[in-house]
Amino acid sequence: MKGMSLIVKTITNIMIGFIFLYGVYIILHGHLTPGGGFAGGVIVAGVFVLRYLAFGGSKAGEKKSSITASVFESVGALLFVIIALLGLLIAGVFFFNFLPKGTPLYLLSAGIIPFCNIAIGIKVGAGLFSIFLALAAFKYIMED
Amino acid sequence: MNEIYYLILLPIAGGLLGLLINRLRSEFNFLGFFLTLFFSVRFFIASQTKILSFNLISFAGINFRFYVDNLTGLIILFNGIFAFLIWLYSLKAVSKNPRERFYYVYIALTLAGANGVVLSGNLIFLLIFWNFLVFSLYGLLLVGKKDSTFAARKALTIIGVSDFVMLLGIVMLFVRLGNVDFPLQHRLIFTQGWYVVSYILIAVGALAKLGTMPLHTWIPESARVVPASTLAFIPGSLDKLLGFYLLFRISYSIFDISKFGGLQVLLMIIGAVTIVFMSVMALLQKEAQRLLAFSTVSQAGYMVLGLGTGMPIAIAGALFHMLNNTIYKSVLFLGAGAVEYRTKTSELDNLGGLGVKMPLTFFSFLIAGLAISGVPPLNGFYSKWMIYQGIIGLADRFPLWFVFLICAMFGSILTLAYNLKLVHSIFLGRRPDNLDKVREARFEMVTPSFILALACIVFGIFAQAVPLKYLVAPVIRFDVSKLGFWVPGLATILIIVGVLIGLLVYLFGTAWRPRRSRVFIGGEILETDEASITGPNFYSSLHNLDLLEKTYQFGEGGAFDFYNYLIGIAGGLAIVFKDVINRILTTIYEGIGRMVRVLGTFISLLHTGELYNYVGWIFLGGIIILLILVF
Amino acid sequence: MSIIPLYFAIPLITAFAIPLLGKISKTLVWIVATVVSFVLFILALYGIALTQETSMIVYRMGNWPPPLGIVMAFDSFSAFMVLVISIIVFSGCFFSLRYIGHFTGQWKFYTLYMLITAGMMGIAITGDLFNMFVFLEIAAISSYCLVAFGVDAEELEASFKYMVMGEIGGLTFLLAIALLYAKTSTLNLADISNTISSIGMTPFFWTILGMLLFAFSIKAALVPFHTWLPDAHPAAPAPVSSLLSGIFIKVLGIYTTARIVFNIFGLNRANAPVFFNILIGIGLLSIAWAGLSALNQKDYKRLLGYSTVSQIGYIMVGFGIGNYYGVAGAIFYILAHALGKGLLFLTSGSVVHRTGTRDLDKLAGLGEAMSTTAWSYRFGALSLIGLPPLVGFFAKLFIVLGAIKAGLLWLAIIAIGLSVLTLSYLLKIENSVFMKKGKMADIKKAPFSMRIAMVFLVILVLLTGLGFQTLMDFLIGPAANALLRGVEYAQLVFGSFSLNF
Amino acid sequence: MTIFVFCIALFLIGLYAIVTKRNLIKIIIGFALIEYSVNLLFALIGFRRGALAPIITKVHSAHNFVDPIPQALVLTAIVIALGTTAVMLAIALRIYERYKTFDIAKIKKLKG
Amino acid sequence: MIELYLFLIFMLVAAIIATEIKDLLAAVISLGAVGFSVAIMFILVQAPDLAIVQIVVEVLTIVIFVAVILKTTHIDETIAEKFSGTQVLATVLYAVFAILFFIAMVRAMNDIPPFGQATMRVAGQYIRLGLPRAGGANLVADVILDFRALDTLGEATVLFTSVIGVVALMRKIGRRQK
Amino acid sequence: MIGFDFFVDRFGIFLTLLFGFIGLMSFIYALVTIKEKGHRLEYYLMLLLLVGSGIGIALTYNLLLMFIFWEISTFAIWRAVAYYRGDQELAAGNLTFILNFAAATIMLLGILMVYLDNGTFNIFEIRAINDTAAIFILIGVLTKSVTMPLHIWLAPAYRAVPAAIGGCLAGIGENLGVIVFMRLFVTGTFFSPPFFNTVAWIAVASSIVAGGVALRSDNLRNLLAFSTISQLGFILLAFAVGGTFGIVGGMLYILAHALAKSGLFYGVGVVEDSTGSDNLKNLSCLLRVSPALAVAMAFLAGSIVGFFPMIGFFSKLSVIVGAVQQSTASGVGAIIAAVFTLLYNTRFYHELFFGDECRSAKIKFKRPSYTGVTVVFILALISLLCGIFFYKPMSYLLAGGV
């Protein structure tokens, strides 16, 4: 897929960082403000989508990014489950909020919730980008 | 009383050993038959003085027991004699048959079975041996010409069916009485319908054995194809003995038929009809063995008739007639067999003038023929005479008694007629050229018939002195003095004188110089051959009699053939069963199968593969759920 | 440490890890998946042992008491379902080694396979309505993808149709959850049960129940909601077909229905005869309709698909009878059908693997060439037909016993009479594939791993049949009692001792 | 209550699209509509007049919030909807490639 | 809350347009209109989390839709075709079902608490316990990541599933050639 | 519900010995006739299953266990019928399996009703069987022990089955139904005269009609099939009328029929092997092929008909005594059936071994296997010995206590 016009590319270049940052913010403040891992993750995915739409991609690049996305998705998901399992290991209860709750209304609060948000953010961002890549960019993802 | 076992086991042992060790067959057979005969005689003698019965085993309410009285002894004796004589005769007569090996076994088995039947003192025990005889009969009939199988099948079918009928009768009796030992202390009087039914059913078995109409047809059928000895043995002698025995047993040892007129009349009708029709049939036959077969059936009619009267004298006459019949019918069959043995044919058309060539055979044949025809003073006359007397004695009970008498006498006349025909055709008349080299039959074959022919004479002339006194009277206690005005001794002398006079007249008149004259028809000289009336055509003119003609045609066409009816009815039913009932059932099953398949196809067609169709179904389900649950 | 969450956590972790492992080695993925499913099997057995001691194990997620947090309510029925799931998953997984070798993208297959396992496990043990929906969607979406895994035209078509119908059901379920939440203001099943008993059997009650029945009937593929199944199940790779037909629809459709009807809505034949008669009616319709359709099939797996619909009808009839025998029979039938149909689909897999076709007209004479497969087929089919002493017979036996006991002799006659249909269509495969004389040149035996998987199920079919008394005592009976307890379920969830430590 | 009924209407429109439209994309759109309607219904159910969004800004503020549970559920539901839509689209895409059409009436190789 | 009704009516109209319009792109845009309306309504019913998620998801959905449509065709050529018999039947069945379902729903709606008066039996506990026990200020986050974290795990798994599924489905060939 | 629920009584021992012997004969016969390499083992397996299930049914007192054996035997029969795997064989196998299975399911219903009424599967503890249950069970019995309206599977099955197992089918498989009938209804405490009368009449009607069909059948195996149906009518009649004679007669009949029919089946198998035809219209004068076979077959056919030196006579006699004890009419019916038996057996035997074409002698044949003929001969001999020493088995059974 070829990229779009120069204007789009330029603006994308400028905006992309801000959007990414916003996504990260949404993820990190998920337990304090509206939004959370999922919304933030979608935004992060949006960054990549935007970048891809604006600049296009080579076949090799697509393959590489899809693999990367897949790895990140797995890692995110594993992270989430591992947090849950840590509860099981530490307190004997699955999904036990084993971390200290911290000060309410501050970033470092609510125990595992922020970490869960981060995991979900990674997972969703990578996953949705994978979907996008699969459906929109690749003609097909060649196997093996 | 080991002799009872010997009587049954010895023939079997002899026969089987002979079969297994072929080399020593004759020896074993001889031992078997002879020893049996020996024990039979001993047994007969013993039975004259005591009546005995004992249980073999008994379970489930059935006593497997032996019962021995005078009648038993008598029949055993005759069984033994005939078996021995027939075996003797067969040694040469059957020797060329490929299945000869089995023939002797069957003879032996038949003897054993017959002895068993007679010895058994319980109807069910009797039935066992009775059944056994079917098998041996079948085997015996198979030993014949190649198409004897059909006759065997026919015999098997008829006897088998009648056996089943008899079995039913016995079982009914057994179930009702709980005990079918005989003789019963109190003979059953036909007070209940069941008794009548079971009597008739058992009688069917006995009559089938005797070979009365309508169960006789296997006899003439097989007459064409089996050796004469077989005929002499089974339908000629043993069957008569056994059939009469059983009929006698049920009629007078278990039931008391003389107290029930209906059954008497039934038996008498059967007897009379058999006599007349079978005599007519015999009259019109053109083949010696077949003629004799009809004849033997016809004679059975006398026994049934005699038994049916219920008069002691007639019963004794019937018993006597049975003995006589076995004797002279054996002679006739054996004689016919001897002729066939030498001439290789038994068609009357091809025979003639053998009297010179085979004088001994001729003699015994003639004696037997006269005896069977009831010519005094031979034994046949005597027994028939007793039967007539019995019938006459019924006059006060049955208004139509004379009908039976007429039938019996008419039958007697016919008997004479066909015997003349037979004798003439075989031994007299013109001898075909190809028979010039015929010799007298072998010694083994002649001896039995000669002995029996002598017996005919003895039994006739010394009827009161020998057979009635020693054989019949112990069985049926009747008053010999009631025999009426017939004095056999005197009569014999008179008859002998008359015959001598007649012979003299004949000899001096025409015998040496036969009168020859030319025969003209329409001015043409006719050759002698064409003009002479051959034996078989003696009674050709009878064909022209309307009634007889029809009867004969019916008879030849199988109209009286029980077998044909049976096969026809069974076949018809089978068609109904197979092509209607079974077909309908099959169709129903197939229909169900087809319906299921059609339904499956239809439902399959509904699965169109269209998504909206399927979604529509889902909504249909939703509608149903909503309608039922919510509304 | 309680093992309850492990039932879904282990396959989930495996699923998440497989994309990473898949980059390393394909066989490794299979080994991991097989080991994991075997571990699940062991855990399931342990779970059975656990439920022998206490009738209900309540596991509180995050240590929140019900109805605040999500709880796992693990009773005998759940334990039973978990066991059956693990059996089928294990055999299918073992079978896949060579079978999936044909396909591209193997690690994706195993990922989806583990996900569907996790989803089913979750449904079977969860005590929360919405959680159930989520697990149901996990399982459902995995199944959609697995059905289309071969990405041939028919498979995609089947998958799409399946998805459309399945999602109609799923969304109806969601709508029902919404309404139920609006009314009861809770999502915990036990809590809903408590609340709903105060509502009484109003039209609202019946509407919700109707919607749930509608949704689950689609998932369970009961006639007339069944049309996706004969397309979808044959389209999937054989181990997946085995899984889908064997256990998937039962967890998604039957287990949920039973759980909700008996334990949550507290229905029984006495207080809701109409509803139970509907179950019976749908069941009978399924048996007959799908059975007749199956008679007309020319495709190995499609026939089996219709057969599944037909067999599910029996389970529904069993639940519809509603007394102890009926319910026990239905539960037994779940096991019997899982083993039997799982086995049959595995045989179809090995036949397809060796011959490359599923057309009954083209297949012939494999009875000698592939004797293990043929005998496996026979055992599976005979078990389904209900030939003693195989397990299917006893399942049917109890259903019929229940029907007679409930005074529904006509039902017993029809239900058992219709098993002749089962026999007829299963014989069709037996005849045309295994017994008919014909030339299929150079067919080799099924690969070793496939045979092991099939023999494993055959042994189970035999053992469960022969040991049916034991099964009834330790597995089926308690499970049936768990259902027949009715709303007592709620007290157990709230009041029972929880095994968290 | 009326507002709920509107949601149901949307639900039925979605169903309508599924059952009457023969284009795969339209069918997927129908699903999307149904999902919206259910999500919306959920959210509406949890609404309380005059209440605030369930986000605590001060530790000891008055707790007059709308119901947070439906929101949590809808969040999940939205994601699930996204997942199903993506899968459906992927299948539709592949079907188009195989059958060269989106017409469901022509996609019926499997029948009987 | 008249605006809710207005939006709902707008949504209905847009939904009908989305189903009936011939151009698929236009249909997707109409769908987007519905989706954004939903997002706005989420805001109106005090659900900012949902609104955010709905917006971003809607964007992504539409992007995916458009991507698919661009790869295939954007004309719905079936729209004008005649209904086949089975389709007519299905439609009729649908109509009956819809009417019955609608009536049933209307009756059911009478039974649930009216709009704006949620019962909040369990939710009240969440609000009370959320901050002290779970620690998150965003109660929705508390619910989805602590009280009902399993749902979220499930949700993530669903997404994971669909990702793997989509990737699996987009393989060019499904089977190796022998 | 179920356990190792077996007991041993005289009937059981009797049947066990019989089935074992029939199985042994089948095994010997199969050694030479079953030659398929591929699934030869399957034949032996099915033989074992058939014998085993027969013995199981004979020895168990648990109804459920009985049913299990019942179905195992159905399975074995199915495999055996479809053994040759031609289209016809498969169709026959299907029909056999489907019909038997359908009937068995209905029977199962009956069994379960009995269970629910009595709370036990133990046949000794069953106190009452209501009529519906009895009829249901009867349907299964009638199908397995092919009786007329439910007989449809037998003829195709006989045509399809290998002769080796056909003998077993006739000797074991079809007796199972009547054995169950005896165990459950006759020796139990259940008694309902109308029921038994109905069964008796069904048996008689079936026997007569099947006899008629056999008379018209040209195909040897068809003939054997309908002959079997006809004979099983007798056995069923025996058990239906009950009583000492009925039961002992039925058991004896099982013995007689098993020996004779399996012998005939092997005989027909030998004929087929040596001439390649099984149609009476193409066969005649086989006496020349094997006289020993002819003799043996004569004994066997005689046993079927019920002539004395064979055991068939006593079984038939006992059955008829039993029947007449109950009602004379059924006895008459049995006699009519016996007449049909006589007719078709004579026809079959004659057309096979003598026949019209004997003169032309145009038949082609290869020498029959000695083993096959020996097996037939042994069976005939056993029939004969049993008949001569009839009081041994009979008193053994009588002592079994009815």
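Labels for the chains are A, B, C, D, E and F, by order of writing; each one numbers its residues from 1.
Everything that follows uses one rule, which is that a residue touches a chain if its C-beta (ideal position, glycine included) is under 8 Å from a C-beta of that chain, and two chains touch if they have at least 3 such contacts.
Note that the coordinates shown come from a computational prediction; the quantities given were computed from them, not determined experimentally.
**Student:** Enter the minimum step count from subunit E to subunit F; a value of 1 means the two chains touch.
**Tutor:** Counted as steps through touching chains, the separation is 2.
**Student:** Listed by label, which chains are in contact with subunit B and with subunit D?
**Tutor:** C, E
**Student:** Which chains touch each other through the most C-beta pairs?
**Tutor:** Greatest count of contact pairs is found between chains D-E.
**Student:** Sort the other chains by how far their Cα centres are from that of subunit C and give me the top one.
**Tutor:** Checked the centroid distances; the maximum from subunit C is B.
**Student:** Find the most central chain, measuring centrality by the gap between its CA centroid and the centroid of all protein CA atoms shown.
**Tutor:** Of all chains shown, the one whose C-alpha centre lies nearest the global C-alpha mean is F.
**Student:** Using C-alpha centroids, which chain lies at the maximum separation from subunit A?
**Tutor:** When every chain centre is compared against subunit A, the largest gap points to B.
**Student:** For subunit A and subunit C, what's the span in angstrom between their mean Cα positions?
**Tutor:** So the centre of subunit A lies 35 Å away from the centre of subunit C.
**Student:** Taking each chain's centre as the mean of its CA atoms, how far is subunit B from subunit C in angstrom?
**Tutor:** 79
**Student:** Using CA atom averages as chain centres, what separation in Å is found between subunit C and subunit F?
**Tutor:** 44
**Student:** When the C-alpha atoms of subunit C and subunit E are each averaged to a single point, how far apart are the two points in Å?
**Tutor:** Those two chain centres are 29 Å apart.
**Student:** When you check subunit C against every other chain, which residues touch at least two of them?
**Tutor:** 12, 16, 19, 61-62, 104-105, 130, 134, 137, 141, 144-145, 148, 151-152, 156, 160-161, 164, 168, 182, 187, 203, 207, 210, 230, 296-297, 424 - these are the residues of subunit C that touch more than one other chain.
**Student:** For subunit E, give me the residues that contact two or more of the other chains.
**Tutor:** Within subunit E, the residues that touch at least two other chains are 48-49, 53, 57, 60, 64, 68, 71, 84, 87, 90-91, 94, 101, 104-105, 107, 110, 112, 118, 120, 122-123, 126, 131, 137-138, 140, 142, 144, 146, 148-163, 165-167, 169-171, 173.
**Student:** According to the definition of touch, which chains form touching pairs?
**Tutor:** A-C, A-D, A-E, B-C, B-D, B-E, B-F, C-D, C-E, C-F, D-E
**Student:** Using the touch definition from the top, list the residues of subunit D that touch subunit C in their complex.
**Tutor:** Residue list for subunit D touching subunit C: 11, 15, 18, 24, 27, 31, 34-35, 38, 41-42, 45, 69-70, 73, 76-77, 80, 83-84, 87-88, 91-92, 94-95, 98-99, 107-110, 112.
**Student:** State the interface residues of subunit E toward subunit D in the complex, per the touch definition above.
**Tutor:** Those residues of subunit E that touch subunit D are 1, 4-5, 8-9, 11-12, 15-16, 18-19, 24, 27-28, 31, 34-35, 38, 41-42, 45-50, 53-54, 57, 60-61, 64-65, 68-69, 71-73, 76-79, 81, 83-84, 87, 90-91, 94, 98, 101-102, 105-106, 109-110, 112, 114-118, 120, 122-123, 126-128, 130-131, 137-140, 142-144, 148, 151-152, 154-156, 158-159, 161-163, 165-166, 169-170.
**Student:** So in the complex, the part of subunit E that touches subunit B is made up of which residues?
**Tutor:** Those residues of subunit E that touch subunit B are 84, 86-87, 89-91, 93-94, 96-97, 100-101, 104, 107.
**Student:** Quick one: in the complex, what on subunit E touches subunit C?
**Tutor:** Counting only subunit E, the residues touching subunit C are 104-105, 107-108, 110-113, 118-123, 125-126, 129, 146-151, 153-155, 157-158, 160-162, 164-169, 171, 173-176, 178.
**Student:** For subunit B, which residues count as touching subunit E in their complex?
**Tutor:** 608, 610, 612-613, 615-617, 619-620, 622-623, 626-627, 630-631
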